[in-house]
Amino acid sequence: MSAPTLSPPLNAIPADIRNAQDYAALAPHFLPPSHLAYISGGSGYGHSVAANATAFGQWAITPRLLRDVGHGHTRITLAGEAYAHPLFLAPVGFHKLAHANGELDSARAADATDTCMIASTQSTFPLEEAVAQQRWFQLYLLPRRDDTLHLLRRAEAAGYRAIVLMLDAPIQVVNRRAQAAQFQMPAGCVNVNLRGYDTTPRFAGNGPGESRFFQGAMRGAPSWDDIRWIMRETKLPVWVKGVLHPDDAVALRDAGVSGIAVSNHGGRSLDGAPSGLDVLPAVRAAVGADFPLMYDGGILSGSDAFKALALGANAVAIGRLQLYALSVAGALGVAHMLKLLREELEICMAMAGCATVGEINGGALLRQTRRDAA
Amino acid sequence: MSAPTLSPPLNAIPADIRNAQDYAALAPHFLPPSHLAYISGGSGYGHSVAANATAFGQWAITPRLLRDVGHGHTRITLAGEAYAHPLFLAPVGFHKLAHANGELDSARAADATDTCMIASTQSTFPLEEAVAQQRWFQLYLLPRRDDTLHLLRRAEAAGYRAIVLMLDAPIQVVNRRAQAAQFQMPAGCVNVNLRGYDTTPRFAGNGPGESRFFQGAMRGAPSWDDIRWIMRETKLPVWVKGVLHPDDAVALRDAGVSGIAVSNHGGRSLDGAPSGLDVLPAVRAAVGADFPLMYDGGILSGSDAFKALALGANAVAIGRLQLYALSVAGALGVAHMLKLLREELEICMAMAGCATVGEINGGALLRQTRRDAA
Amino acid sequence: MSAPTLSPPLNAIPADIRNAQDYAALAPHFLPPSHLAYISGGSGYGHSVAANATAFGQWAITPRLLRDVGHGHTRITLAGEAYAHPLFLAPVGFHKLAHANGELDSARAADATDTCMIASTQSTFPLEEAVAQQRWFQLYLLPRRDDTLHLLRRAEAAGYRAIVLMLDAPIQVVNRRAQAAQFQMPAGCVNVNLRGYDTTPRFAGNGPGESRFFQGAMRGAPSWDDIRWIMRETKLPVWVKGVLHPDDAVALRDAGVSGIAVSNHGGRSLDGAPSGLDVLPAVRAAVGADFPLMYDGGILSGSDAFKALALGANAVAIGRLQLYALSVAGALGVAHMLKLLREELEICMAMAGCATVGEINGGALLRQTRRDAA
Amino acid sequence: MSAPTLSPPLNAIPADIRNAQDYAALAPHFLPPSHLAYISGGSGYGHSVAANATAFGQWAITPRLLRDVGHGHTRITLAGEAYAHPLFLAPVGFHKLAHANGELDSARAADATDTCMIASTQSTFPLEEAVAQQRWFQLYLLPRRDDTLHLLRRAEAAGYRAIVLMLDAPIQVVNRRAQAAQFQMPAGCVNVNLRGYDTTPRFAGNGPGESRFFQGAMRGAPSWDDIRWIMRETKLPVWVKGVLHPDDAVALRDAGVSGIAVSNHGGRSLDGAPSGLDVLPAVRAAVGADFPLMYDGGILSGSDAFKALALGANAVAIGRLQLYALSVAGALGVAHMLKLLREELEICMAMAGCATVGEINGGALLRQTRRDAA
């Protein structure tokens, strides 16, 4: 299959788009193949990317009849803040790969749709510029604590309302699809937030008898001490992203984090990790009914979002689809994608008889035999 | 794959047809591609259409030996009325899409085969003209109660013997296959039954902060009050169609409806809803052994019908296959399809040792490993 | 895929054949396409043919170490008679479809390999001529009892050692593959055993309000009375073939039959019936450890045979593979196929540590995840 | 698909290799098709080869957060000896099929990567010459005990540190892929270790009424007496390879063997045997927590190795991948493959929070729905 001819991004919503995931189908017409491979691929052979897709297909949504949902809405309150709907923009790096306006456009789209954007540390526009009305900041712990602290203070100063610590990718695993497509980060795609910081890893693990993983990357990986330090240093709610084991979730809750994002990092961390969706019910059971949980990984539709909410999440975050829509039509595309996604979620809620996000629960789902496409 | 050359409908039963589902294979030669897409597609991506197909494949039918079924027959009594067999024509809209004679021919076929036809509100011939000997009327609740009542009175006057309330499609979801095929309802396909009624939805859901689903479509959706009102207004048995949850079934039974059709609307309502077949045993268990249940969704053969009867239905309704046969050979096609379907059902009954429909139960089925085609 | 050029049957064992099922791969080079379709197809859409293939794939055979099987053998005793091995030739009709020497060659192959041949009523050579050393006779009950009795007496006179009553195909269901290939029984393929008998069905089921199945075929189907009559009329052991339900097996055992063949008729009876292999353990559990059970349906290898023996059968019968081998190389082909099959069985037994057929049981099998081809 | 043009082995690590299993993808460019078929094929139809591949896909690895693994390492102690990591080179015959330097290069690669090589009896270089620093010897029992003893003494003299008895392939089953590719062992590929020994099987099983399996191969198969004799004759630890049943494992443990390799012989023994991975947990449960177990069969990645360790193995052995890497780049290829495999294992360990091999257990795995490729 030859690659499609590339189009420049549109200045209008493309005709014939009816579902949010149409943006995934359109993206190959707007993204260079190597960018597409980098964005859509996962680590290694993509086993965990595939696990996300498979996970949603295991569940059907049972419609209910005659429920009065005329007063229905999608509003949620999360860690004390109100949001118009539970669909967040996930922290995704390097938006300029998808569109010249990068994170600026994503933030505009968030505002147009009352969406909270979780800004990534790895941004091609400064965290002070690409600011959505509702914004959280995803913080990577840097090799030097003073750099981390400086970055944190900037985020606080820029009005971010929560900090999301990334714990789940201490080791970079090759994205084989990107590698096969000879992806290289373009010159213009620079992680501007980190300018002036020392990003040299503290540990190389290249001493005699050392492992570059155990004595290298993992010695520089976040620790309990780091988390407690961050929680002491900021008054903002601190979330942790990348949890896949119920015991880790309980320990983090007990350590005082404000919420947890159950996620396999979009299949971009350990290849072979399960889908977060498959562990979400166990995590919810472990942390109790009231502890805030977010889900991300593989959401392409309102029914996917509904399923994650039913299995225990309070909100969900949208990763790849965000960049796909950005590549197709910039801010307009992302806003349209979010609008469609919310409508799809509303349809599922309405037909499943759920007037509020809080009414969505496991009783709305039915585990089903694996089925083939129609 | 290029589309086949279209043939005009036949005036004879096509040679080489041996099974009812052959009409599904022949239909693409008689239906314009966009009509075929509209009829065969489901809502969204067709997940629920696929779920129906998958559901039947999970079950094998265990033959029994040496049972005396020489006195066997397919007669049933449903809510006090006698029927020659448990195969009904499901309410399907716009028969003119398949054949110029539309519902007139379907009704003739019903009569030729002792079949009860459930006429659709969305008919291209008036409910007073396209009348089968045994006829039920599927009633959509219209935006204005006096219109609904007028329609109901017409159905009563035209001799329909039961009312089937549609509850399961309060929101119209796009049929992506139809959309991709650029389907448009032809000028001649008019819902003639609704002429003169006000079909403007009562609620648009376009006020500030409103959702067009929660504050739009769902505010106009049928309510318990509507159902009780219809039951007060008519002496006919009132059935409800589109039930997929046991609790809804029990509540409807307790509210006094005469019977329930377990159905995912042929995969045309919420995309991602389970197959009705997968929930049928739980619904039967919930409503008790004696409450009338009908099943529809994906039936293409007598063995499909047998399985639905074994899993708890008292009768089944045939949707798409009806239009396929109509497109191939008009009334003759539909009658032949029904004859074949009944014979296939008789073969299953005879070989499973069931002399009557009442003897068909879950003991006749064996859940089996998913298998590939031969 | 165009059909291969046909070869006349070989007079030698083809080179490169290493496994019995190679004959299935070679058969398309020796059988006219319509004959192949008739033989390999099943009833209807082939669901039950596919079920047989799937059933074997669910099981792995666990090798055992250090078992002393140096004294091992495949000999069995079945209903008091000794057989060199548990591989029988199943009753298959119309061997001339595969080879001009028909049943004569199959019988010669049986003798060359110490195999018991279950001769079919539907034979293209007289039951008195196509006689193997070890022979059973598969008896179809004819419309008139005196004809049946005459046929039975001929079988007794011809030295058949057991009668196998066919109960499982009271209704002929179309073989769609054969139909699509426009199969017609060739002029030379005549059921010679039935010459002079009245084969007109007793009941047509074409009276007013009658079903050609309930009031037709099923009124002529074998009854308990027929079975008891046959058992009174003959001193030979009477087996019954086509059992798929444990309750039927128990009733037949209690009625005094000598053994039961668990079988879905090679997928040629009710399309949608389960594989006999899937019900075999339940049948064995129901009839007890000592009651003779045979299995047939889909066996293509010694490991298939081993699995059937492990799941409860005392012997197995080989159907389609017999005709495939016959088509390739006549008696030589069938004998070679049987030799290979026995060797494959011996390998499984030896490596699973089973010195005798009696030592093969369910402990030798492991249910496994469905796997794809290598 | 035509065969790729063959290249001579490289003298450098090929560019673009990122994962150990890339060597499997490259091997067809370096191995003649018939050699490739012989090496990659299994016995019969490859069912057991496929079972190995399927077995790993059933499991996901759950990452853990915030575990301190900065002190992590892969060192293990097995039966009293220390090894740098749990990845062994499995005993594979005839390395010259892959590279002219054969076992000499494999041994060099083992040394370069601190790997223990289990030398095969079936070697194309003498066991005294192809010696890795850490070396075990896989011993086939020869027809005559004095030959076996002589071979054992040579292995002891050559400094091998353990003896691995092969028990699991008493009968040679045809490798159909090799047969189809017309594989023949090249003249230069000679099992030099056996020169001067009598390799004629003791039993042919060709007497009257004899089976060449029961009275042939199996009479020559290893016995309990043989095992006890070997254990008496040597002070080296004696392992047994090819165990798939928990009862066999327990009996061997009780008989005093030092360890057991759970293995289906890479799918090269009984076609239809389960994957060793599927029985590994039951074997571990049966022998207890402390008894040494090795696993081999189908390992292509560090995550495969991790899964085997988590399911009960103390170490794993690498078979086919060894020859693939050897064919691509000789000693350099094998060493690079082992380096990558170890790094992949370290990544899994680090991300699953396991600082040592001993911390890897079943709690790190999650059984998952079968998923399709990304």
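Chains: A, B, C and D, in written order; residue numbering restarts at 1 for each.
Note that a residue touches a chain if its C-beta (ideal position, glycine included) is under 8 Å from a C-beta of that chain, and two chains touch if they have at least 3 such contacts.
In UniProt terms the chains read A, B, C, D = Alpha-hydroxy-acid oxidizing protein.
Here the structure is a predicted model, which is why all the values come from computation and not from measurement.
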| item | value |
| --- | --- |
| Touching both subunit A and subunit B (chains) | none |
| Interface residue identity across copies subunit A, subunit D - same or different by half | different |
| Copy-to-copy rotation for subunit B and subunit C - C-alpha atoms, rounded to a multiple of 5° | 90 |
| Centroid-based (C-alpha) most distant chain relative to subunit A | C |
| Between subunit C and subunit D, centroid-to-centroid distance (C-alpha), Å | 42 |
| Subunit A and subunit C: spacing of chain centres that average the CA atoms, whole Å | 59 |
| Per-residue overlap in subunit D, given as positions that touch at least 2 other chains | 370 |
| Residues of subunit C that touch subunit D when the two form their complex | 16, 18-19, 60-66, 68-74, 303, 343, 346-352, 355, 366, 368-374 |
| Partner subunit C, residues of subunit D touching it in the complex | 41-42, 44-51, 53-55, 58, 167-168, 170-171, 173-174, 176, 179, 203, 211-215, 217-219, 222-224, 227, 240, 242-245, 248, 251-252, 264, 267, 269-275, 278-279, 370 |
